[in-house]
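Note that the chains are named A, B, C, D, E and F in the order they appear, and that numbering of residues resets to 1 at the start of each chain.
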């Protein structure tokens, strides 16, 4: 009995965890937290760093908020969330500046802007404020991994085409003509648009395939009935 | 009487139509580009023709693959994709690598047209979307110009000789120290040097393939206007606006600001006015709107050419005016009869 | 004076907050579907930006000069606080104005643009007047982008956008093209 | 540690200020809203179809809270969803009998006379303005699929005869098709009503048959065969007065198959004898229509 | 260059703004005198041939009727009587195809092949001497409606409502529709009738002055009217107008003559003007001269699918098929038959429809003239805006109709469209704009009624 | 629904204040821990730039603050590790502790956004001896060559500032001329403008300072 409960709970935690990675991916599906997704992703490294920062902030704040959710009075909850989040963000900001000054410089103000990232406040309000600690942390980890994944996908393409490198390693040799647009602002918009288009395309393809299979199955049974 | 009834066709009135059709319009503009292509080839050699051709192939291929209608000619039949490709080719610098021209054509159609739903739905001029993409992606090749071929038969640069950069492998560049030339606007902006108006008028200057020969562009524009293939208000408004704004500045300080004739004859303003400002799809539908569009365009061109960072502004100005065209259309609805 | 003009123009078009700095994208895509909404959002934005610039300047100059590490948290709280306060005041004094603008105010609180403005004006060491010019420019820039975007999106509603790009993907493509077009303003007035 | 003191002072001060402001706001400017509203609205499908008779799901949720409507009015929600809402609100589900849209025309391609070829905007509402469409019957289905496009639930598909077939499983009785059809061919009927008159033409006798091979020619046999008064001929058409008839006898002697005993979807089994062999042409036309439509609508 | 020149040149003749110049195609019939259409076997008289309430029948099947005898009475004030165009028997009162595509109730009269088809009708009082009410009543019971197309009961227009007054009356002799020449022939052949009818109308509405607007492609009509007007007591002026479609639309005509716009949703009466067709005036004059009610009218039959085009005086109720046969329809070649003009008429699917009081033309085209072009996407060229005489934006309206944005449709004044089809005429993408306008009006109506 | 119960105003104020207090304390902690490292990084960045300008002989740098009279420099004690706020110039010091020259930060509008540079200035010879780009948003591949293009940087190794620095295209002839990067004339121009503007401010001050020093030495 007890193990069954555990299993169920594990399953639920697992679900909360995976959903953020793909099914409810914050960038590609929910289209949230766009500013950093586009602003800092002109290189893969930036994407990873931003993702890590968000992971830290989101997990810590989700933990704290879900822990305190019954103590926080409803009318001031948003303000308290902001205070909590801002504290963690400032911590990340200073730590990064101390440990990796170059990275800190290339991420610019966007580390600080994590405070107002719609994703984080959104998760705090929509999930952590209403669920238990375990679920909230699972959700936070899943969401930030999904977020990081998206940033890496965007950053990877932009760096590869825009600079001919990946994590600084040259991909195409010295005569490569970089597509400067990719690391310029329009490139960010266009890359994300292209990803969304590709996902829609593959989704439609797989749905069509499913439909065809279903049709084929139906024809088969009907044919049998006729015979 | 029911004997022959099933042969009957029923449609709504009117049962008469005025002559011209959309594909015919496109055909006329295509015709008008032929002399411009020829002039480009004359001035910049055989390589220029290759560039135009490749850009066109890129556009046509993209249209055929992406438009979703691949039965027969599909949407190519209306000729608009062909036109987009040629116009894009004409706005490129002559020595650009062919793969970039091809990419530009494909981007022009994909990003400029197909995603919007095809002919008639796009907000931005497809050819210029392609060009803007190229300019932002490859700023250096897109601002490297070659001088006009001095003589067809001279041994130094005969017109059949093609710049080695043209044949760079896809995604790659050819690193050579080749002779480059500056455009009249570049010369004026960065080196304070003028270009004589006759050269501008006949096109014997550096620049995009199709933009240099002013006299030909004017003739093509007049021909198109006479065939009612274009809305004359748009180019007239654009050119007058450039004239007004640049003369004003010139009057204020003639040493710092170039005169209106130079502004009108140099760069892409004439080419843009004849072929791009007139694109019906991406410009205002109302007549008042046409004047507003032209005025705004001229303002932006003069503003950016003179106070901006770039020597030339026609492309960006047209795209910016395209962007506000929906707003212009809304604001300039004609007053309905009886209101 | 020239300085103020350049700050304004730079924030409004050359370094447009939305199209080149990627700020406030969520509401940008969220409320740019109707020209009417976009206009009101733009007005509310300009208003809040100017107030934010002022209040954070006051905060930074008179309270935080010794405690740099509190900047972020103080700014965000201050922004949230002022916006909420403004909202209350409007609601109380002019229900009509509230109906037109007020409903966007909560959206604006958690908008990167406000915080970014506060942070940028501080790191750039802008004074009060420069900050105001900056805020005004940023607001005008956001409004311009919103308005143009709304015009285009409303036009798109009249035609059929292919299913695969309809929605978010199309919005990004439009923003991408707009961002390319705005590149034309680069360098404006910088050499004069 | 001056730092800590400053920080604590500043932060506490600000927090205090903020809190006081908020407290005032909370006290004086709060808007009362029933918290259940949001929950109930969340439980509704959000299609805003209006089948429940309210302008959208939000209004329906308000009606539910006011208890002026029963959850079962929402025909889009599945029974379990309805049940959940009813349990949440502690009210009776009030499930209604399932109703579906029924078509009153059987004169599809090859059955009804076509007099001319309609060309133009591919839409029933447009075609009806051009000489009433190409068909000879002024009351019949035009077959240009306005209803198919209007149905938000994807319940309507034109069949090979270009007649709309309503999928009774998907149909939620929202009535969009009723509204959109320019010749008013749909009515919403209880699923249990089996006798459906598939003709809408008031023409009688020879005049009716000349126009369409499955037209009701008002011969009166169905009325005679049905229990007393259950069917009445009004204006050249039988009217089924007793919806719950259990016998299909009334349909037996209909010379044109205009009155049908329908179980499940209409036209599901090809009960209508194919008088003209038009199947393949019809599907060609159908696909041409679809092409047109795709071209014009993308 | 022509476009440029046209735009720069300001036209010297009075006209309205915008509009189009379709090919006239009037040459085949404009010199043919009006001939009489022989009697046929059966006449179909739909009870609803005019704007307003249908006329209830006053005969029963089997009843014998004389030529010119009423078969239906006015169904209200905005309604008129209906008369049998032949002597014969009422065969039936049943649903019959109507040119609008629907089956509508009609009185069917079987002609008596041996009857004399009398030419004498009961006498009527002199309109210039009788009381206004009596004259109006007579006009109503003569079945008189506007012959310009809309078939609006003439007595209604002639009765000026209390509190209003009329300053000018206008006769509409534009006949701007290509192909049609019936009004032209009436003006050339019966200018006296036109002027006399106009005099009656002028005195009925109490106007101080009359104008007749005729397009300049009908110089002989202008000359004939000018010659006839000399003898008239009230001042009447004949104006030559630039040839342009849709000059004949009354709002455009008033713009051309008086440079005044009829406000949206209002009538010419609100400008203290009434407008009538020249044919209507002639018919009124003839009625008061001879007592013959409205039982026949001049119809132009032309198009490349008829071998003997003509201007025919056709008894109302004659089947279109019979008229076409009389004019030598090229059987099997006709691909499209239109009742009315080529810009505003209705395509027919059933040629047994009757000629109505409002039928001014019957056109039959072969596949050579009927070019059905594939529709292309709108390229926003703006030609439709340039054509629309009421300054609408048809391109946008069409898109709004397709997306069923009903509120926007009203905001863009769809309801002011009077379906002149100028926009469709010029559209290079062959978009059925007018049809979409009509669909859109249906949407608005539907929304209003569901509210 | 419990949430409908109204929390008291005191509770709201209390909880917010507590969270503010806690946040403040946490942040001070973080700040204290990271402060030295951050300051070190900043100083390091300046040092790197100064090194690049003055070459391998450089040993370290001194910091001078512009005095309140806006005319004289005051040495700033860097033992605390933190750079001061306000107008600063740096002095490059060689291994013998000798002042080699000044390194002056300056900024101005570029093609895209503000460009920040650090340039080495030798007041006695009235020459610029090096230039480093600290921060710019110029287009990669074009404008950002102002920081990376060796040929362009070479312009600044011995650039006379008399009467003012001049931008030319192609042939550089005078000692006070800078050859523009082709394809990035605007950015090149921006650098020249920034230098000229900054020199207007600093030249007299640094000249006076140098005169003071040499005067002191001579004396």
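As a convention for this text, a residue touches a chain if its C-beta (ideal position, glycine included) is under 8 Å from a C-beta of that chain, and two chains touch if they have at least 3 such contacts.
Note that this is a predicted model, so its numbers are computed, not measured.
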- Joint neighbours (subunit C and subunit F) are A, B, D
- Query: In terms of C-beta pairs in contact, which two chains are most connected?
  - Reply: B-E
- Relative to subunit F, chain with the most remote C-alpha centre: E
- Query: Which chain maximises the distance between its CA centroid and that of subunit C?
  - Reply: E
- Query: Taking each chain's centre as the mean position of its Cα atoms, how many Å separate subunit E from subunit F?
  - Reply: 85
- Query: For subunit A and subunit E, what's the span in angstrom between their mean Cα positions?
  - Reply: 68
- Message: As a quick test, compute the distance in whole Å between the mean CA positions of subunit B and subunit F.
- Response: 45
- Task: Go ahead and note the Å separation of the Cα centroids belonging to subunit B and subunit C.
- Result: 34
- Mind pulling the residue numbers of subunit E that touch at least two other chains? 346-350, 372, 377, 396, 402, 432, 435, 438
- Which subunit C residues sit where two or more other chains touch them? 69-70, 73, 77, 80, 159-162, 165, 170, 173, 176-177, 180, 183, 186-187, 189-191
- Note on the structure: Touching at least 2 other chains, the residues of subunit F are 3, 12, 15-16, 19-20, 23-24, 27-28, 30-31, 111, 139, 141-142, 186
- Pairs of chains that touch, anyone? A-B, A-C, A-D, A-F, B-C, B-D, B-E, B-F, C-D, C-E, C-F, D-E, D-F
- In the complex, go through subunit B and note every residue touching subunit D. 2, 5-6, 8-12, 69, 117-118
- Note on the structure: Residue positions on subunit F within touch of subunit D in the complex are 1, 3-4, 9, 12-17, 19-21, 23-25, 27-28, 31-32
- Touching subunit A in the complex, subunit F uses residues 3, 7, 11-12, 15-16, 19-20, 23, 26-27, 30-31, 34-35, 37-38, 41-42, 44-45, 135, 139-142
- subunit A partner contacts - residues on subunit B that touch it in the complex: 97, 100, 111, 115, 133, 136-139, 141, 168-169, 171-175
- Would you mind writing out the residues of subunit A in touch with subunit F in their complex? 71-76, 79-80, 83-84, 86-87, 90-91, 94-95, 97-99, 101, 105, 162-163, 178, 180, 183-184
